[in-house]
Each structure stands twice: as C-alpha cells, then as structure tokens.
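Let me give you the structure first, and then I'll get to my questions.
Chains: A, B, C and D, in written order; residue numbering restarts at 1 for each.
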C-alpha cells in the first residue's frame, strides 16, 4: 500500500501548539507511508487540490489527513480522495485539533501525541478496503401513523408530492387533539374552521388511504421497503355502507356511554359519530356500552340503519402493505392528574381539565358552547386556572415543561371573558413561558385587556365550601402570602405525556424513546425530525410536546424528509456494515440474538446453518462483531484487525 | 456395582432408539476412564460408571446434531447439556439424558500428589474401591488412599449431583454436597496481592504449550475449528511463545464463556501441564452470579451477556 | 564399554552448576502437577522421581523461534524508498539436557532425516534445527519402571536404551551411574569419579528390572511392515477412523507432547515497519493445518486428522525413512490425552481389521 | 515513539462515534484543557467494543483503558450500550483475578454535548492511572522483546 499523510496546521489552531512539520517528518517512517507533508488548511480548496495532486503524483492508494474531527470533515476529504480516483473509504483522519491542539498545553506532548494519532490512523488505513454501496429499489409509499394535525400535514404534503400515503389513526376519526379545541392561540381563530378543511382534503385526496379506528400491528423490513401490518379494529359498522346519516346515534337507547371525544364532559350513545366534522364520518359501536353486546339483545341501530351497515359479527381485520418511509405522528395524552391529592384527586366535579374546558367552550360541544359547570350546570363567575399540573414537577417524575399550557390558559381566560362578560379569571402560574411569534403579547393582553388576575405561586389545596371551591395558594410576588380564591370552576392546565403505547410503537419501529416515552430524534439540532432508524421520521408531540404551529412545521419537515428519501428510484446503502465470513461462521446464532435491527438472519448453506447480514437493514453498530466468538462477523471499516492495529500502534513494539 | 448394572440396563433399553449412547468405558490404566460410544449391547457391557468416569460427555453432543443420541450424565454434565440447550446449540428432541446420583469423580493430580515418592500413576496395576477408600496396587505393594482426598474440587462443592434434566433417572437422588457455591477456591487465590497474582499467571502460563486442549475439552466452546487463537483474520494473537499471548488466550476463552461456563472443569483437567485455567472462568461465574443472579446451565433464559435490562440495579456505574 | 562414573545425588546440583559455566542446562522441574524441562535454576535439584510430562524436543526445536527479523527504514532522500534490513538471530549456545528420557533421545531420530535434507542430495538442510541439534548434549536418565502407557519396546526402544543418548545416567541407591556414550558425553562426565564395580552392576540390574516391567509387545515379534500395511489398508475405511476418533477432542496435546512430531507453521509477526519471521509448532490435529490458500480444506473431519497422525507415524513416515516409525513409544500422547485416546489400540485395531479381511 | 518519558502514561480510550467522541470534540471546541496521555480509538458504538480489545491493550502495555459511550437510553443504535454495560462490568470483575488493578479500567457515559463532563472524566481517570503508576508489563516472547529493543532507536 502507498499511503500519503497530510498534517494540517489549521492556521494556528493546530500549528500553534503542535509542531506539524515534525509530525509530518515522523510520519514518513510509519508503515507504508510513501509521502508526508504539512499543509496550512487541508480542507480549503488548495488544500484538497494538494491531496488530489499528491495522490496522482505519488500513486497513493490511501490517505491520512491529520486535522480536525472526522465528524466535521471526513465527508469532505472522502469526496476529495474520490475525485482523485480512490475509493472514498481508503481514507482515515487523525483528530489532532479537538483531541490534541485545543486541549493540551505542552507543545512537545502535543506533537508526540499528534504523531501517535497519525500512526494509529496509518495502522488502521493499511487494513481499509474499498467499500461500495449497494443500491436497491424503493416503495414510493409513506405510512403516517397518527391523524392529528401533524400527521394530517405530513400526509397531505407527501400526497401532494405524488407519493402514496397510508394514514393510520387509532380513533374513529382523524383530527387529534386539535379537533377538540374551541379556538387556537394567539389568533383566537376557530380550531375546526382551520383544521376541518384539511381533514376533508385528507378524505378526498386520491393518493391518501385512510385507516381510522386502526393501529399499526407490526413493522418489519427496512428503509425504502418496510413491511407494515395494520389492524383495523372492529367498529361493528360496515363503513363501505355507512353514509354517516346519524340516524343510529339518534335512536340508540344506550345513552350513558363515556364520550371520548368530549373528554367525558357529557354522556353519549353506544353508537357514535364522534363529532359532526368527523373524517371519516362513519358510525362505530362502543362495544362495552352497547346493549346488543352487554345484554345480548337490542339491535335498534341495525333495524334503523337505512343501508344495513350494522354488523355485530364484525372482526378485526389485518391489512398488510409495503411502504418506503414512515412518519410517526402519534401525539400526546394528558397525564393522569388525579395523582394530585391537593386538587381533590378527581373527587370534585367542578375541577376539570383544560381539554374538558375546551369542550365546554366549543359551540359543537355537549353544552353548545354555553359554559356550564359539571356539578349543577350553573354558569361560573369565578374561574381559577392552575398551571403546571403535571409539568415541571420532579416529585411526580414530570420534570419537563409541556410548552403549550401557558398559552392555552391565557386563551381560555380570554374565551371565558368572551363567554361570560361578568366573570373573573384567576391564573396560578410558576412562570409564564411564551416564546413564540405574538405569544408574549397575547399573555399580556389577557391580563391587561381581559383583566385576568395572574398569581405567581403554587396551589396547595382545593376544598369545597358550599357550592364553591376554595383554592388556596401562595402569592410569591407578595412575599409568599397565602391567597384563598373562591372559585365556581377550577380548570387544571394538565401537562402532556407521550401517548399511550408509545414505547411499544417505538419498539416496533426500532426507534429510541426517552424515559417519558417521547421518541428520540436523530440529533437534537441537526436531525429534529429524523430518527436513528433510516426511513422513520417524527412529527408533532410524539417527539416532545409542542404547539400547533410547531407540529404543523414538523409535519411538513417530516414530509420533506420522506419525499426526499423517496424521490429516488433506488437507494444506496451505507457500506460500513457487518459482513459474515461464511467459512468461519459456525451458526451459533448469537449475532442474531443481539442485533438491535433484526439485520441478521439464519440461512442454510449446503445443510449448514450460517448467519447472513441483510445489507440494507444493518446499521453498522458492530454489536454482532463484538459478540461473535470466532470473529466470523466483521464490521466493515471497523474490523477487529483494524481496531487491533490501532491498539497495537499504541501498545505493542 | 448395582448402579453400573442399572445404568447398563437403561442404556440397553434406549439403544434401539438412538444413533449411539455416550458414556464411559475403561481407559489405558486402571485410574483412567474414557469416553465410550455405545451402539451395541456388547458396547453397553463395557460401560463403566463411577469414580473414574470423569469426562464430560456433553462435549460431544453438538457433533451429533441431526441425529438422536442418548447420553449418560453426571450432575455437572447435565448442567453443560442444559446450557447447550438454552443456547440452541443442541436440540432437546435429539438428546435423551440418562441421569444418576453422582458420588463424585477422581482428580488425577491429587492422586499423583498423594502417591508422591511411592510411584507414578502409570505404575498402578489395580484399583479397588472399598467404601471411602481407594486401594491401589503398584510396584507390588498396596496403597490406601482416602477417596475424599483425591476427589475433584468441583465435587467438593457440588450442588447438583443428580442430573437436573434427565429423561431417565437411575437410582435414588442423593443429597447435594453443598447448598451454595461459596467460591472458596477464589478466596484462597485472592489471598495473594495483585502483584503476586500477576506473577502467578506469568509462571503458570509460561509452561503452556498452546495445545488448546483446554478449549477443545470445553463443552461450550462453539467455535471449534474456527477459533480466533489460530486465525489471522481476525488476528488476536501472535504465534510467539510468549506468556502474554498464552495468557491472553485464556482471557479470550474465559470471556467467551462468561455467563455460559457451568464450571465442569474439563478445561483444567484437560491441560496436560496442569495450569489452573478454571480460575478465570470461576471468577467470571462469580461476577455473573452476583450481577445477574444467573447460574449457567441451571437457570433458564438467555445467557446474561446476550441480553440486557434497561436498569441494572446491581451495576454501580462510575459516578464521574 | 566406556568408563562408568558415579555422582552422588547430593552432588548433582553442584555438578550441574559446573556445567552451566559452559552450557545452557535444561533439567526437569516440577511445576504444579506437571514436570517440564526448564533452563535449570542454579543450585536446584532436578525432578528425578516423576517422568516429565513433556518431551525435551523444544530444547532443540523450540515452540516458536525466530528465523530472522526484518526492518524497513524510510529513505528521506527518495520518496517512497524503503531499505530492508534482515537480521539473523544469534547462534544457539551449547546446551545440555539433563534427565531426558531414553524415548526423548530416540525421538530426535524422527526429526533428523527430515531436517537433514532427508539424506537426499540436493534437498535443503534445515540449519536452524541442525545447529541446535549439534549443539545439544543429552544426558538420559534410565527409566526404572515402565508405565501403563509406555510402549517404547514397540519401536525398538527400552527403558534404558542408549540410542541417541550422549550419557546414560542410572539411578542407583543414592547416586547416578554415568555412562558416556559419545565424545560430547565424555566431555560432560570426564571430571566425575569412577564408579565402583558394585555400582556398575547395580545400574545393570536396574536396567534389567526396568525391562521386566515393560508390557510385552502384543503378538511379538512385532512386524513393522505388517503394521504399516495394516494402517495404510484402513486409509479409505471412514467408519474405522470415525470410531477410533469418536472420543478425540482434536486438540494438539498429543502432538505437542510427542518427541517425534516435527510439523511447524511459519508466520510473520510484524507491525509494518519491522517484525520477525517465526517458526512455531503446528499440529495435524488442527483443522487449519491443512487449510489451503484457496480456502479449500481437505481434512476438516477430526477422523481424517487422527488418521493422518496415526498413518503418518506408522505408515507414511516409515515408507519414506527406511521403515522406522516416527513414534518412540513414550506414551505421552496416551497419558496426557484428556480423552484417553490410545494410539496403541488404534494400531492394534488396524492390525485386527487387516487380519479379518485377509 | 514511546510516551513522553516520565511524564505520560499509556492510556487508551475507546469512544463511540455518536456520543462520547462528539463529547471529546465538544471539550476541544470549548478549549477544556486535559492531560495529554489519552489516545482515542473511535468506534461506532460502545456495543462494538469487544472487552477483549481492552484486555489486549492492558496485556500489551497500556497503563489504563477508558471506555465511554452514550448514556443508557441514548444509544444511537438503541441497545449497544446496554450490552456494553454488562460486558464491561463483567470484564472489570475479571481484572483483579489476572492481577490487574481494576482501577486501570473504567467505563462511563458522556454525551456529545457534555464537553465539560468529558474534561472531568479525562482529568479524573488520568489522575487515577498516575496514582497507580506504570503497569507491570507481562514479558514478551524473547524474540519479540529483543525486537522491541532493536526498534527503540528508530523511535527517537
């Protein structure tokens, strides 16, 4: 092998504390090094040209650049050596800036260390091999999991770009949390007025297949070609026949069913269309509430249905499909606030959640938009809002800020005044967090124009007194003085958490999730909607709680990533993956057992069991390599021999 | 010799169903048994159980994959079988186990030491078992040895003398010798300082001849002919006659067995130059038992180093 | 017959210390449960009771030894130019093995023709081996008893064989009767006092007694040709070798302990700038032994490997080297085999099979 | 090319590319000065680290070995560091049996953002190894030892 070594001064960044010239001289004695030099800026245009010229002039077959971190410029130099006709993997970097010149003060020690790092890089490079990507065809279809506003946005953007989209929604209708909201901050515009048309677009888009009342059963395969199975849950209504006329819901004799859409604010029937704007506008039977199922007789809906759509015998149905990319947009749930004994733990009917209050405010809600408190239907005059219920609370394991509660509480205080002009709102808060366009102005308006009284302090107790509730808190701005507020209605700004089943879905998708169940993005800054599993993207609150504008933005961002991915007919695989030496493999299966990506399978080679890496699934972590006792599985570019060569460059001879 | 006859009967009963029955026969001298592969009644008549049936027949099972075999197992052998099964290296339906209450086996090194100046083991012309004693004849004289003094260490701490998995169990189960492994052997070793231990290995490993009998006698070594010890790709070891390389091989073997080694001791027994190579594996077994409450070959489930839990309450990570 | 000399046991350490001034002295030492040949520590008494676990062959044929070392040095004047320097190792120093067994001494007879150009004109002589061989004197300690695993008498040896020895030492009462058998041997023992007639007779009696403990050769007189033919006749009998190798672990203990196994491997251990070319022991019991560069391996089954070991010792080697077995009957392969594989029994079974067929 | 005589000891680091190698970079970007002993081998994941790499280093003359990966749950490959944690902990337990002070080997988790933490880790570990002093080296085979001696002049 003929290796060229280039020691970069990086101006004075390296040259200031490393004697680059002497490192270059020393490098010349390293194995297979036939050329070594120092250069002012290796990454600059002349610097790269110098490398290319040297490759050609000295017929180099491999290059080591000692400069900054490979996490920065490895791709740059790989492209450079490729331009000179070498395989891009015949290149190694020694990080003598971040790991040497910037952290060590002693020039002699730095110079010595830099030379050793070059020696390690040379030792490894001697064992590098040309690596070539494989290309494989992709399925131009995207699976979007979750039909809230983020998922809707992602689905529509993908569909508009010409991709097939499969949208899977757990509930009988898409719309998500946003569809439950009355108005949205900071514009106080009607939520359903802006979301509704988008929902209709989904229903009508020729490229979108919608599965509502359905969940992802399993995911296998890999980027470009996932195999997905969706479980369509039995609704006991044949949706092909259902016209959404709603006759059944009117005649259903079982009227005490929990109203999921309305957050239980009022009861509903056993057969429902969740809300007037539901997409799809189809009826479904809540089995636990239906007399046909609980008592074994009723059949009213079946009799009344003009199209004969009711089918009590309906079973769950599994649908399988192939998709090229996946967008997870599963949103959030409110945390279970009843852990708070001080707020009554659910005992007081007039202590409600913010989302329940949205339904009370909504014209399409059970009260027709008249705010009536649950206990006696009276219109409340004094409304107390308590923020940070289940947010920023280490004691219950919810240390994070939910992000949107300050804003919706302000909005709800404004709406309260709009609905009940003679009302007074009180808001107990910890800090007001309003860092968005027009947000801070909004929280100011609620206080200045709408007269909401903001009290900075925590509530320690709510207790009933007559038909009122006494809310006891402190006002920390008043020196910790105790404050008792007589409330007709208490609205808790309950924080969010990853929606139920998030970890299970993450496991199906082979993506990471944090300790709260939120999915992990690929990089907190640079890969906010990507995951570390190629082809799986994130949108909306499943990645971390966020408001509508951010969710929509992420929906579009995730769509852009999916569209970008599937814009090519063929994908190139990363060749830094594991490979099995079939001659050495004994078929013990330990690699298969540990592979986090199910990227190794058993194959039968002339009657013998062997392991085989599925090249497009392998992510190159090397766990199999470290597990295989006979070293039959080797991670290309990080083989045992390569790592051993680096160790031996330091520790042997 | 009732046990021997009963076992022979059990072997003969299963012979028609299997390719062969693996057990023990006699070796080149009265103190040594040898593995015996029985395919006929004649073979079964040569079966010899007892104090000299030291070999672990589980070693041979992976070779017979795809064929149905029966194997006579001591308690420790059954542990090896258990581990092979849990790792899927052999199939349960292909193996029939004949268990019996093991009374312990000989440690030849101890016999040699006990004989001392009286002669070498190879000079022993006859051996009789009389209760707790062994009566040896050599150089025309008889030497009485206390069986307990020449019993293998593993038997002295045996918790599982009765094969814990067996399709046929011959005889009455016996009481275990010990209820837990106290790793007293390690405690003895650890009375040495770190420097002394390093010097110990330096001295012991210096006589290693790199024959790899330790490895090949190990029933759980999966690599067999593809061991990294002799490969160049990957190349973990040089071929130099160095203590470093020889000790490193022992570390390789031991770490490959971490969480898998059942402590059968065949590696150490096989070593022709008597290097106490089991120590490293015992040390790892102790760690694994402490950290993961896992005893290879006994506890079901994935070997602990091939799995994980999100929280590891027993692992105290570096606070810095 | 040369003059017999006598060395009281108590004076053995002192005598060996004296030899150490001019020779590197190897002697059996007890280490753990093993007895191995070690460069002798000054003042120490060699182990004379238990027979060495290993043979003394590594003194002449080290487990791994440097053939040469090499270094590439970059020439700063010419881009890419490397100067290669080869360095020969130092010549071996004169060496004495004290306490070799007679089978060990006879074991070298299997090496000699192979490394001496097979006695054939034009074939290369192996200087690395020959230098050490010529530089090494063997003081053989006569065996006083035979072990159950001993069968030197099959191969023409005996417990007190003088073949290949430079000195034959016989333990009598509390001393060694030393008989120099070569000029090299004479040089070693010439300074010792002469043995008395009684001591000489005692030595002779010891030899006879030892001989008497030897198990007779089965079906004596042994016919080497018949054995060679019988083993060869089983060449295609896979069932035979599968049965014989059933208990074999395919480890290398037998070959590495064997005084006659001479196979080696050559590897370069290098860091890219410099390195050594090593010759190290290899074993036909390992699968890699026959791995070809193409990736093909003709001898993967352990049955075939065992067939090679037995076949080589009792048939192929004799056919090349005047009918002599490459086995000295020391029995170490049996004694130290973890599975008690008994090479004698394999040979006998081959003979039996031959008799049945014919 | 030995370590600076008398000043540095031989410390080998194995760092995962995604978290700890990035953390070391972050420390560099932040100019958090550190002792110069450590030499870092970059690997994709702590799960790639065969504990035998560590043994190889320790038996070949390293005075200390430091492994660092992503914090549990943060593994780029979801699970690699969970396996690493078990395997490295078990390895640490083996060291005393070999006569090697277990303080010569540590493993820890440092994320790509934790530059300051990385500095602390390197400081602490380097100091720990210096407190223990140079490790006693196992003898090489005579021919390799002689070779090493012959190579000494080449290095200077």
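Keep in mind that, in the parts below, a contact is a pair of C-beta atoms (placed from the backbone, for glycine too) under 8 Å apart; a residue touches a chain by one contact, two chains touch by 3 or more.
Note that this is a predicted model, so its numbers are computed, not measured.
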Revision key, fill the gap. Greatest Cα-centre separation from chain C belongs to chain A
Exercise for review: Sort out for me whether B-C or A-B is joined by the greater number of C-beta contact pairs.
Suggested key: B-C
Check your understanding: What is the distance in Å between the mean C-alpha positions of chain A and chain B?
Key -> 51
Study note, to complete from the structure: Cα centroid separation, chain B vs chain C, in Å, comes to 30
Point to revise | Rounded Å distance between chain C and chain D, as computed from the means of their C-alpha atoms | key: 44
Point to revise | Gap in Å, rounded to a whole number, between the CA centres of chain C and chain A | key: 70
Practice item. Going through chain D residue by residue, note those that touch at least 2 other chains and give them in order. Key: 56, 60, 73, 79, 83, 87, 141, 143-144, 147, 151, 154
Exercise for review: Any chance you could list the residues of chain A touching two or more other chains?
Suggested key: 29, 583, 594, 627, 640, 644, 648, 652-653
Point to revise | Residues of chain B whose C-beta touches two or more other chains | key: 226, 231, 236, 238, 240-241
Check your understanding: In graph terms, nodes being chains and edges touches, is this line, ring, star, complete or other?
Key -> complete
Check your understanding: Where on chain D is chain A touching in the complex?
Key -> 1, 3-4, 7-8, 10, 12, 17, 21-22, 24-25, 27-29, 31-36, 39-45, 47-50, 53, 56-57, 60-62, 73-80, 83, 87, 119, 144, 147-148, 151, 154
Practice item. Under the touch definition given earlier, write down the residues of chain A that touch chain D in their complex. Key: 26, 29, 69-72, 95, 97-100, 102-106, 108-110, 112-113, 115-117, 119-120, 510-512, 514-515, 520, 532, 576, 594, 596-597, 619-623, 625-627, 635, 638, 640, 643-644, 646-648, 650-653
Point to revise | Touching residues on chain C, where the partner in the complex is chain A | key: 72-74, 76, 79-80, 271-274, 295
Exercise for review: Write out the stretch or stretches of chain D touching chain B in their complex.
Suggested key: 51-52, 55-56, 59-60, 72-73, 79, 82-83, 85-87, 89-91, 93-94, 96-101, 106-109, 120-121, 124, 136, 138-141, 143-144
Practice item. Using the touch rule from the top, collect the residues of chain C that touch chain D in their complex. Key: 64-66, 69, 71, 73, 87, 89, 269, 273-276, 278
